[in-house]
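Following this line, the structures themselves.
There are two complexes below, and they share chain A, which is joined by chain B in the first and by chain C in the second.
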Partner chain A sequence: MAPLLSVSGLHTTFRTDDGPVGAVDGVSLSVDAGKVLGVVGESGCGKSATSLSIMGLLPRTATVEGSIRLGDRELVGMPDDQLRALRGAEMAMIFQDPMTSLDPVIRVGAQLEEAVRIHRDVPKQEAREMAMKGLASVGIPSPEERLRSYPFEMSGGMRQRVMIAMALINRPRLLIADEPTTALDVTTQAQILDLIRDLRTEVDAAVLLITHDLGVVAEMCDEVAVMYAGRIVERASVDDLFARPQHPYTWGLLTSLPGRHRAGERLHQIPGTPPSLLNPPPGCRFAPRCDFVMDSCRADPAPALSTHDGTAVACHLDAATRAREGARAARDDAP
Partner chain B sequence: MSELLIRARDVRIGFPVTRGIVFQREVARVQAVDGVDLDLHEGETLAIVGESGCGKTTLARGLVRLQPVDSGTIEYRGRDITGLRGRDLSAFRREVTMIFQDPIAALDPRMRIGQSVQEPLDIHDIGTPKERRARVQNALERVGLSAEHYNRFPHEFSGGQRQRIGIARALVMNPKVIVCDEPVSALDVSVQAQILNLLDDLQRDLGLAYVLIAHDLDVVRYLSDRVQVMYLGRTVEAGTDDQVYDAPRHPYTAALLAARPVADPARARTRDRIVLQGDVPSPIDPPAGCRFHPRCPMAQAGCAVTDPALEQDPAGHGVACLHPLAP
Partner chain C sequence: MVRFLIRRIIGGAIVVLVVTLAVFVLFGPVLRMQSDISPARLYAGKNPTPEQIQRVSELLGLDKPYYEQYLITMRRLVVGPSDEEKARLCPGSTPDECDAIVGRFGSSFAEQVSVDRLIWDAFPVTLSLTVLSAIIWLLISIPLGIFSAMRPRSLLDRSSTVFVLIGQSLPVYYLGLLALYFLAYEFEVFPPSGYVPISDPIGWLYHLILPATVLALQFAAIYVRITRSQMLDQMGEDYVRTARAKGASEKRTVVRHAFRNAMLPIVTMFGLDLGLLLGGAILIEVTFGLQGIGWLTVQAAKRLDVPTTAGIVLFSAIIIVIANIIVDLVNAALDPRIRLE
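Coming up: the complex of A and B.
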């Protein structure tokens, strides 16, 4: 079976006053129905630019090249009106901050009904019914009354539930969740993660989960792609990523988590900061910060993703070193 | 025992809730901090943990006198600082400084960072211009920046470097205590580790005491010696790291610990999770009895009536709960 979403050779470039910025530089990934693919990385690594490219929500200063296929349709180069018909119906997105994504002066019921009636020619009464069921399905108490609430009358967790209800109301086949719990408190985050987990089995959608939090990845994902400076550096099943991480950047991420350390023990730190994408270093983009850097890493061509035992990794290091150091990084969590 | 630097008792800090634009009147008061005690000893780190709206930031601002205190006492080295004015207040502010969550908002975008870091010295009129400059360069080097950064502007720095500038600015006064309000929550993981290590080094080298305000329990455990968990303006549990993390006695603490996502897929699938229902109630009208009872998975009839006080066991582990979890 062909994957529901398949992205290949995606290049997203922003025109800026200082020159072109290659936010996404040759990303390929795919997600099957009913599966959750996590895209993890730090700010500026291109994870959000990837999701906005898929949704076709980039500003006009951006150009997208490569291929994005949803089912059997190609989204790159698709006319705006066709894309609009897909957005909200076949593919939907949940954003980090529900307050800026909901209209502050319209009742949430009307916003949910609008999401239905844009895509389907149903009577108002039926749309209202669907909106109410939508709110009920995301665990909002007394949904009928809540339809009449304004977003500001709700808590952050409640608003995020409304966003999720809205994204799912037309039963999309692809759901993109961009940092869905980052703005929430930890107890609310647990509620929302539980909800996404329940709904995913129910609606059988393919989920692309964008996050910077490896804890969220471990809780939610089937597969993971680690991004650094616009490229995927490692792609693996969630178990393999945590048990046998292959890329030095992934090791750095895992070993710098404070939760995996005892007090008094020094945290591993990745030196320096991510490179500017205006003028990225040649060769492997992680080379300037890598503890294992070799001469070949600093020269083009950059290491390509190559697959061993189901894990794809873009690194020049030999397999034996990777296995040894990866095991060390993974063991780091033993409390 | 090392010297007791800060001793706060029954601190209450509130904000007015007003109605009307022309004839503004106070209709209610939000008790953001409602009777909190706190002790901070020389060279130690005390963490204040809780979710948004629990009053942790208000308490932090109260400790450094950025926020007036309604009632209660905050003693710094035996002297109540809640009523300090003039020269005494500025002497206090030389010894107790603060770093903020968002370093870019805390820096003037039009000031060179050398000037920004030097500003506290200018305000307090410390040293000659030459001495001031030397102290600034010293502070910049301490936090891992170099003297050549002196003439740059804040926008030229990354998030992690900006937080280093914020720390340099707090350090330049040679303080005894730094109150850190969410020092790493705006930073990426790899940079977060750099700043946590820096704070750790500075404490060791300079003997600083920290009050660490955070919502991330993992960050807290890495740096802190003792933890105080807050909920709706009250302390619900307090103790050493090991007491609170390994044997939490308040159901809220247990739920907070259980709600953390675990960066280990096998454990994430098998562990027991306590997922709290509902949201934190409004502090304008807090629930009667124990403030946590409407969300507490272990609430019993009495919890809605009796407001439990914080009680310590012989080992110093405090909990405010009528039916605490077994130790």
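Coming up: the complex of A and C.
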């Protein structure tokens, strides 16, 4: 069976005053229905640009090349009105900051009803009914009253629930969640993640979960793609990623996790900062920060993703070193 | 909502009270200290004898202490002139005749007529000019501002920037004179001056369209700029992205979401500008010979007609306070967050 979402060779470039910035540089990934793919990486690595490219929500200054297939439809180059018909119906997205993601002057109920009526020609009463069920399904108490609330009358967790209800109201086949819990406190985070997991099974949607939190990845995902500076450096099942990480960047991420260091010891960190995407270095983009860097790493062409034991990794290191160092990074239990 | 309204009205009443006090002090004691124009003397006509001045002083109640004068003034403003005052100021005339001479705002020095009458005759002119002009400037600036924000740096956006610069840097009297010269004098498309009451709508529009448009162009320039910047701000907000992610059309996103939010500061500014203009658009009224509040202000000032000037200041203050209250109410209706504060 073909994957529900299949992205290949995605290049997203922003035109800026200083020149083109290649935020996404040849990303390929795919998600099956009912599965969760996590995309991890630090800020500015192109996670969000990837998800916005799929949704077609990038500003005019961005150009998207490559292929994005949803089911049997190609989204790159699709006319605006056709893409619009898919957004909110076949694919939906929830965003990082629930505090600002709802329209502040419109009642929550009206915003949910709008999501229904944009795509379906149903009577107002029925849309209202669906909005109420939507709120109930995300665990909002007394949904009928809550329809009449304004966003500012709700807490952050409550608003994120509304966002989720709104995203799922038309039963999309693909749900993109862009750091859905980053702005929430820890207890609310867990509730929201549980909710996404439950609803995913219920709706049988494919989920693309963007996060920088490996804990969230371990808890939620079936597969993981690790991004660095606009490229995917490692793609693996969640078990493999934590048990046998292959890429030096992934090792750095794993050993940097708090809770993996002993008390009184400094937290491990990856030295240096990610390169500027305005003028990226040739070869492997992680080379300047890599402990295992070799001469071939600093020259084009950059290492391509190649698959070993089910894990795709973009690295010149030999298999033996990767196995040894990967085991060292994964020495402790996964978070 | 009712409590909100009551609070705003009380606040407005306090402002009006302070203004009455300031007007009384400035146009009474202070004016007399600065010059020796005594109101009594101005009333008494040319070269009056001291006895005549003394008699007028008594007639006007100016011989009483200031606090008493203020209380009388306030009483007159709130409940209208007392019978005693009417009897004193217009003995032997019918009540109707007397109403024309004595009013809540006092009587004009220059003419035997109440300030109330002067203001109420002038106000429809200013009101007509302001309302027509406001319609024109909103019709120009809101769409232009929105479209400029939709396509920043486009030809339309750049043209509207030029329009804003021209509109803001050309004074209305200069633009007004140009318009008069070409459209009224050279080509005689529009009448050069005058006002026709709205009971004749076509004549009303025909006489007002030129001054209203000239006035509107200046305001349109400001409103294009604020609409554009507000829209640009709102279009970058997360909720706009949410609307797009729902599959909302561009038109729906812009009108129902972004503009709905961008409107709030525009409404505030609009209400205040209306209030300001209703207190008299002096330059445009004088340029086009429209006998509105602004024109009346100039006349009164030229003739040292203190009661009329003071009356207009007070009247304008009341209009602005009312405009403020209306702005607050409209904003509360538009923005649920304000209602709760």
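We take it that the second predicted complex is superposed on the first by the 330 of 335 C-alpha atoms of A that agree within 3 Å, B and C clash if a C-alpha of one lies under 4 Å from a C-alpha of the other, contacts with A are read in each partner's own complex, and residues count from 1 in each chain.
In this section, a residue touches a chain if its C-beta (ideal position, glycine included) is under 8 Å from a C-beta of that chain, and two chains touch if they have at least 3 such contacts.
If you're wondering where the values come from, they're calculated on a predicted model, not measured in any experiment.
Undergrad: Does the chain A-based superposition show chain B and chain C clashing or fitting?
TA: Chain B and chain C fit side by side in the superposed model.
Undergrad: When the two structures are overlaid on chain A, which partner does A:Ile106 contact: first (chain B), second (chain C), both, or neither?
TA: Only chain C; A:Ile106 stays clear of chain B.
Undergrad: With the two complexes superposed on chain A, say which partner A:Leu253 touches: chain B (first), chain C (second), both, or neither.
TA: In the superposed model, A:Leu253 contacts chain B only, not chain C.
Undergrad: Figure out whether A:Val313 sits in contact with chain B (first) or chain C (second), or with both, or with neither.
TA: After superposition on chain A, A:Val313 lies in contact with neither partner.
Undergrad: Let me test your reading of the model: by the given contact rule, A:Met55 touches which partner, first (chain B), second (chain C), both or neither?
TA: A:Met55: touches chain C, not chain B.
Undergrad: In the superposed model, which partner reaches more residues of chain A, chain B or chain C?
TA: B
Undergrad: Which angle, as a multiple of 10 degrees, do chain B and chain C span at the CA centre of chain A?
TA: An angle of 70 degrees, rounded.
Undergrad: A:Phe95 in the overlay: touching chain B, chain C, both, or neither? Say first, second, both or neither.
TA: After superposing on A, A:Phe95 lies in contact with chain C but is clear of chain B.
Undergrad: Should A:Val64 be classified as contacting the first partner (chain B), the second (chain C), both, or neither?
TA: neither
Undergrad: Have a look at where A:Leu267 lands relative to chain B and chain C in the superposition and call it first, second, both or neither.
TA: In the superposition, A:Leu267 contacts chain B only.
Undergrad: In the overlaid three-chain picture, find the nearest pair of C-alpha atoms across chain B and chain C and give that distance in Å.
TA: So the smallest C-alpha gap separating chain B from chain C comes to 6 Å.
Undergrad: What part of chain C is in contact with chain A in the complex they form?
TA: 237-239, 241-249, 252, 256-257, 260-261, 264, 334-337
Undergrad: Can you list the residues on chain A that touch chain B in the complex?
TA: Listed in rising order, the residues are 42-43, 155-158, 185-191, 193-194, 212-219, 238-239, 242, 252-254, 256-261, 263, 266-271, 273, 333.
Undergrad: Under the definition above, what is the set of chain A residues touching chain C in their complex?
TA: Checking each residue of chain A against chain C gives 55, 57, 84-89, 92-93, 95, 97, 100-106, 114-115, 118-119, 150, 152, 163, 166-167.
Undergrad: What does chain B use to touch chain A in their complex?
TA: Those residues of chain B that touch chain A are 51-52, 158-161, 188-194, 196-197, 200, 215-219, 221-224, 241, 255-256, 258-266, 268, 273, 275-277, 279-280.
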